[in-house]
Amino acid sequence: MKIVMAVIKPFKLDEVRDALTAIGVHGLTVTEVKGYGRQKGHTEIYRGAEYAVSFLPKLKIEVAVDSSLVAKAIEAIIGAARTGQIGDGKIFVTPLEQAVRIRTGEQDSEAL
Amino acid sequence: MQLSRFVKPVLALSALALMMGAARAEDAAPAAAAAVALVPNKGDTAWLLISTALVLMMSIPGLALFYGGLVRTKNMLSVLSQVFMIVSLVAVIWVLYGYSLAFGGSADGAYISFIGDFSKAFLKGVDANAVAATFSNGVVVPELAYMAFQMTFACITPALIVGAFAERMKFSAVVIFMILWVTFIYFPIAHSVWYWAGPDAVGDAAKALAAATTDEAKKTAQAALDAVNGNAGYLYKLGALDFAGGTVVHINAGIAGLVGALFLGKRIGFGKEALSPHSLTMTMIGASLLWVGWFGFNAGSNLEANGTTALAFVNTFVATAAAALSWLFLEWAVKGKPSLLGMVSGAVAGLVAVTPASGFAGPMGSVVLGLLVSPICFFFVSTVKSKFGYDDALDVFGVHCVGGIFGAIMTGVLVAPYLGGVGLVDYAAKPGTAAVADYVMATQVWIQIKAVAYTLAWSGIGSAILYKLVDLIVGLRAAPDAEREGLDITDHGERAYNY
Amino acid sequence: MQLSRFVKPVLALSALALMMGAARAEDAAPAAAAAVALVPNKGDTAWLLISTALVLMMSIPGLALFYGGLVRTKNMLSVLSQVFMIVSLVAVIWVLYGYSLAFGGSADGAYISFIGDFSKAFLKGVDANAVAATFSNGVVVPELAYMAFQMTFACITPALIVGAFAERMKFSAVVIFMILWVTFIYFPIAHSVWYWAGPDAVGDAAKALAAATTDEAKKTAQAALDAVNGNAGYLYKLGALDFAGGTVVHINAGIAGLVGALFLGKRIGFGKEALSPHSLTMTMIGASLLWVGWFGFNAGSNLEANGTTALAFVNTFVATAAAALSWLFLEWAVKGKPSLLGMVSGAVAGLVAVTPASGFAGPMGSVVLGLLVSPICFFFVSTVKSKFGYDDALDVFGVHCVGGIFGAIMTGVLVAPYLGGVGLVDYAAKPGTAAVADYVMATQVWIQIKAVAYTLAWSGIGSAILYKLVDLIVGLRAAPDAEREGLDITDHGERAYNY
Amino acid sequence: MQLSRFVKPVLALSALALMMGAARAEDAAPAAAAAVALVPNKGDTAWLLISTALVLMMSIPGLALFYGGLVRTKNMLSVLSQVFMIVSLVAVIWVLYGYSLAFGGSADGAYISFIGDFSKAFLKGVDANAVAATFSNGVVVPELAYMAFQMTFACITPALIVGAFAERMKFSAVVIFMILWVTFIYFPIAHSVWYWAGPDAVGDAAKALAAATTDEAKKTAQAALDAVNGNAGYLYKLGALDFAGGTVVHINAGIAGLVGALFLGKRIGFGKEALSPHSLTMTMIGASLLWVGWFGFNAGSNLEANGTTALAFVNTFVATAAAALSWLFLEWAVKGKPSLLGMVSGAVAGLVAVTPASGFAGPMGSVVLGLLVSPICFFFVSTVKSKFGYDDALDVFGVHCVGGIFGAIMTGVLVAPYLGGVGLVDYAAKPGTAAVADYVMATQVWIQIKAVAYTLAWSGIGSAILYKLVDLIVGLRAAPDAEREGLDITDHGERAYNY
Amino acid sequence: MKIVMAVIKPFKLDEVRDALTAIGVHGLTVTEVKGYGRQKGHTEIYRGAEYAVSFLPKLKIEVAVDSSLVAKAIEAIIGAARTGQIGDGKIFVTPLEQAVRIRTGEQDSEAL
Amino acid sequence: MKIVMAVIKPFKLDEVRDALTAIGVHGLTVTEVKGYGRQKGHTEIYRGAEYAVSFLPKLKIEVAVDSSLVAKAIEAIIGAARTGQIGDGKIFVTPLEQAVRIRTGEQDSEAL
């Protein structure tokens, strides 16, 4: 099993969710984050004092999937989240050793 | 003859005297002097000034929060900025030439029915000693207070429009559009509805006619009375009733909003994503302050502090309460949950509907008015809007225009004495007093409908032209990326919250 | 004889005339006509109307925010909705029959001491020309203004209660409970405390008695005076002092809140989890608007705009300030930190305590009152509440009831002329003027205690019955899951914030 | 002779009578009695009381939110607490001895030009029947109302200062500093600017002089008139114009703020990290309420409700609007974006600038004043502040002091009748009326500059001494760790938001 | 070492924390997240427009523990967070290769 | 590749970001979290009711880096985030198996 973690632009959430459920993902967890990267931020000015804001609002999506689904999941995310502009975000895949459903105690694939 | 508002400076009286032909300047002088001798009652002045402050509070922070709470976080400041900017902008325009275009004017202008002139531009002649007429014979208020009170109406009306095209119109476009809109739409409509010669002018002319003995004198006096009656706005002369601005403020702004929503098109994501209000807390604060401030708006429109003022106050109170309940229970029945947003929307609908009726209806009539307006507005903001698919973001049309139209027409009904209303008045019948005039419901309702139609046409067509114009000059709509990022950052370089 | 409030329509005077036995309708007519001839002063009218608007602002947004800030985010809208709904609901009930039950009534009703009748239902006879008495002989205000002012009191009092059972009572239960509560608790208590025949009625009857020469005439006149004096609420006749509603509003709502908290039981997690306020910013805004609006509440209760009004204003100002400081420094000393919540709680406690005393005490007495009330309330909300373990969520009992009781009793003390108070008045001693009446502190304090006890009993027992009833009809308490998810989503289908 | 404010109790008149030497107590009595016979107009009383409530609303919640929104979340409650505490503290001090030090005083005190005495401590003699003079001969208001109105000025002025040292000063230090500051800085300055004998006292003395026939009598009468004229504050006697508190409130608080910012040093992170406002929404609400409340501040300062009140109202409206636009467009041009914070900062700058001028300038003058003040303040808050590197956190100096100075000086210009101003008045020239006095612009501007300098010196030096003192007693600045964690938790043990 | 990451219902936080400290866990990190899964959301209605809200508020807890403690930690979390209703959440176990305490530079087990 | 995840004190963000970019890290993702650990919290009092707040605001930084950069990154973070007081936070290193840039589809090192 893997955890596929994607950092995306906030307004792409619904599309990514739909793309993932379309390939059989039943759950995911979303976190509001601030991203720093190549995408340039903006300047805020408060009474003449200018602040460069380089952290931009992004959403982090974490999906635990069977290893077999990883490639499809990546594809689905890219398909839904790409705008072609800098700042579209990243996908990171990390190993997942065990998964448990709290309600039932089911393990691993059953738990997802 | 019906109640409405008016300003009677010395100048107007003199002008009138000149018009009378027979009158020489020396004759006019004593009359003018007599008029000057009327001293405002301090209770009236206090009431009018505090009402003015209340109406400003309706715009900022009231309306700004009511609207601001309903948009997404990223556009909060854009809404607040637009409302604050409009208030500031129109206040300055008002003292420069707006007041004059709305309430200045002498009867010899051919256009007097439709717009004022520049005779009071830069507040010429409007100093601490100038007085304005009220609706009672022999009662005046400081003209500066009257001017300030009217200023707040001119400030809030364009601010109402921004709700329709919220979250997508460029700030620069809003600035330009609003300068044009108040000049070509608001001032003329306000003039048409509220400009008249005042009860004393009418009474004096009628008295002169009654006193005339020779045929020649009678003819002259009749001409003079006609001139006084003619020295009024078009809708006023039509006999339209609008106590505090159903046509001038709500229908006017509401239709301009709808046209704007159509011109600008839908927000990105409209109908697809949840465009949920970012803070119903702010919306509730705004609605509450609107309610509180609206007492200044409606009861202040009586200009004096008397029993009619209390009546307008009570009507404003109970129509609003009834409309809030009405929307609440309707939504509960239809959608399964009684929502706060529904309740406060109902309250605003009630405030809108009772605005033209507030000094004319009785309290029970106002309760009924409130109960009825909510279902109508509810139907428009839920069913009609989604059916036609226009994106009137904050329901300026559905609440203000529709509620305003319903209120304007119902005013013709609820003014009926046998329904608890106050009836119509005639200032010429028994000069010096406000005598009872004949009232026929069908006639009055028809007049009201004509006034609504006039306003819809003038503002609807006029606004369309202005939107087009501004689109050509600077473009109306923000770029898609800017819209997505939010106008706060892209238009104003700030964020509303940094928690 | 003591100061309180009253409405004197023409009808009442006529009824009185009829009661006099000897008087024929024709005799009564001139008296009534004379009464009608009293014209409200426009300064009074302006003051009463703006006070009314201020009291509405106390409820919405004031109280709603004060309370709303103290609950958790998930219940914010439920609090705002309950307050807004109650205000709307009671306003409509008030004009339908509430005003009549509180202030309508003729002396021949056996129940006149406890409740009014339906003589003013649907505001019968209350039009733009009707006037109501004040506390000064020969001074009247528009009855519609008086009615609207009293309406805001009826609106805010039940809204105060919701703080006690916040975060767990079903919205439907709140709606039903409040309809019953105002009808069976508020209107009767308001009637008991504030209903009387007015200074002119008393003065006129006393004058007639003084003028009577024959024994027969004296007996008749005495009977008439007794009838006028008898035509008042129970607590009024007892001689209880309550300038702006210590008993009627705060004790009344406070005890109903406590009973509610007991009936509903504790919130899930109470005493275990941190149920921290979600926005002390909102609470602070609410407290500030309460303070500002309370000037309308207290100083407006004088009905006129005169020196006594200014006195009530000043008392309201300084008692509040003193109580805010008192709580602040006490908490600093006892808990180690001076908290904003403590300070604003103190301010509200001060406002509550000074309410019954505001037109009777002197400024220095009010400062002392403020300094003393905070420690008492502090003791109740921290020690007593945690000792007995009831979950009076927002301390309606600890602040409003306890503070109200303290204020009510202290009013009997601080009215003492030798403590800077204004003393008692007698409208019959020197007819046509407000003469000085005898004052004995122990007597007055004992009367105040009786009034407190009466209110506690009526509202405490009555509310218990109503809670039970509503529980049987729809159930009081939200389901545990709904409570956990928050009433905003489950009751109203909305969320307060979508940042 | 110029307009300003004043309190004329019976005592003062008697004292005056005694001073006249020739006058025996018996002679004084009728004069005093005559003065007592003046009854306040209820419209004036209503206006003054509602103005008082409006000014309280400026502080809480207005100013508190305006400032609070600009700090970081972690210091929100500290700002709200400081403002609320100051208001409460000063209100109590005011009735204990503050009012007396500012407005009490008899002419025989050698220090009468600089501070009052304790003759009105604990509000001695200030009861519901006492009256205070206005600026019109023969017009009085209830002294309690006047006292309460002035109280709100004393409450808001020190609250303005906290913006300068926000986010870093210990709460205990703020408490102590403010007690000292109002006592040694505010009361004396208020006395210097606003204490005088009132129009009737001047008129009566002038009348007596005119009536004197013998040389001896003339000499005595002249001495008496001199005594009346001498019984006034230093800046008043200088002839300084300050309608509503440009010197007393804004320059006074502004310079104290700057000194505080220098004493306390910069916040940790100043100039390095983004210290962004945590809620511009709150700042906008605050600014709006400041604007609304400021009508009470400025137009209320006329004490009466007449044409001049309306003038002050209008000036306040349009100067603010013009200044908001001016800042908006300037920032748009210079920084590329029109920000909401800029616009509301401009509005506040406009309000500050028009404060001293509000009753003296004409509306067009006020528009110009508003347009000009924003660029000046903008220059100070952006360029000057960053150049000198002081951390005046919320720009108390840059907006209030700089705007106040500009407004004070411009008042000397805009009062010019040929610029639409109202000119100067002389109460002695034609006793019993406010006659026109000579006006020379350069003279008046020079007087204004001297008043500014006096205020800057007194408050600047005095404040420095007080900061030093408080630093020695409890220390001014919070520990670095506390500052980093935020004063809400460390000083008050609370958090503003728990979403 | 492992990172035990659990997604739970928000009101269960205190109980989970207590259960974990009881088995010797000294620290944890909590994030507010939105979860999408089998648990159905609710409908929000704004002026007649209905929105189905399918993302529900959850808390994500991350605990770095010695491998030996993983089973106990899972048990503790299940014990505290289970209500038996859909939406109780999941536990995911991922490998942790290195841990450092910033203050002292201590490594791995010492750093937890 | 690894994911270096650090929990730090909020006011240290800018310094940590600068330290990381200085060693060639081009992007990172920040999350607001609440931390529970040895650092003691504070007490909040609301109308006499005292609540011990043991969760403190922290920031979680996640940086995906080439394995070769891990040591340097840890060093940089420690250098910037250390104040020497309890509560400075932790650094956790977990394996990263795959990284993709959404905009371009670039993989692994190229994607960072």
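Per-chain residue numbering starts at 1, and chain names A, B, C, D, E and F are given in the order in which the chains are listed.
FYI, contacts are C-beta pairs under 8 Å (C-beta built on N, C-alpha and C of every residue); 3 or more make two chains touch, one makes a residue touch a chain.
Being a predicted model, the structure only gives us computed values, none of them experimental.
Colleague: Which chains are shared contacts of chain C and chain F?
Modeller: Correct list: D, E.
Colleague: Out of curiosity, which chains are bumping into both chain B and chain E?
Modeller: In this structure, the chains that contact chain E and also chain B are A, C.
Colleague: In terms of residue numbering, is the interface formed by chain C and chain D classified as same (over half shared) or different (under half shared)?
Modeller: Under half of the interface numbering overlaps between copies: different.
Colleague: Hey, which pair has more contacts between C-betas, D-F or A-D?
Modeller: The greater number of contacts lies at A-D.
Colleague: When the centre of a chain is set as the mean of its C-alpha atoms, what distance in Å lies between chain B and chain C?
Modeller: 36
Colleague: Determine the centre-to-centre distance between chain A and chain B, using the mean Cα coordinates as centres, and give it in whole Å.
Modeller: Between these chains, centre-to-centre, one finds 50 Å.
Colleague: Could you please state the distance in Å, as a whole number, between where the Cα atoms of chain A are centred and where those of chain F are centred?
Modeller: Spacing between the chain centres: roughly 18 Å.
Colleague: Name the residues of chain D that each touch 2 or more other chains.
Modeller: Each of 41-44, 46-47, 50, 276-277, 279, 285, 335, 337, 339, 341, 493-495, 497, 499 in chain D touches at least two other chains.
Colleague: If you look at chain A, which of its residues touch at least two other chains?
Modeller: Chain A, residues with two or more chain partners: 31, 44-46, 94-95.
Colleague: How do the chains pair up in terms of touching? List each pair.
Modeller: Going through each pair of chains, those in contact are A-B, A-D, A-E, A-F, B-C, B-D, B-E, C-D, C-E, C-F, D-F, E-F.
Colleague: Which stretch or stretches of chain C touch chain B in the complex?
Modeller: 40-47, 49-50, 52-53, 56-57, 60-61, 64-65, 68, 76-77, 80-81, 84-85, 87-89, 91-92, 95-96, 122-123, 126-130, 142-145, 147-148, 151, 171, 279, 282, 285, 491-499
Colleague: Can you list the residues on chain E that touch chain F in the complex?
Modeller: Residues in contact with chain F: 3, 17, 26-31, 64, 94-103, 105, 111-112.
Colleague: Which stretch or stretches of chain C touch chain D in the complex?
Modeller: Touch residues, chain C against chain D: 41-44, 46-47, 50, 54, 72-73, 276-281, 284-285, 287-289, 291-292, 295-296, 299, 304-311, 313-314, 317-318, 320-322, 324-325, 328, 335-341, 343-344, 347, 362-364, 367, 422, 497, 499.
Colleague: Given the complex with chain C, which residues does chain F contribute to the contact?
Modeller: Residue list for chain F touching chain C: 44-51, 53.
Colleague: Along chain F, where are the residues that touch chain E in the complex?
Modeller: Interface residues on the chain F side: 2, 6-8, 31-38, 54-55, 58, 60, 70, 74, 77-78, 81-95.
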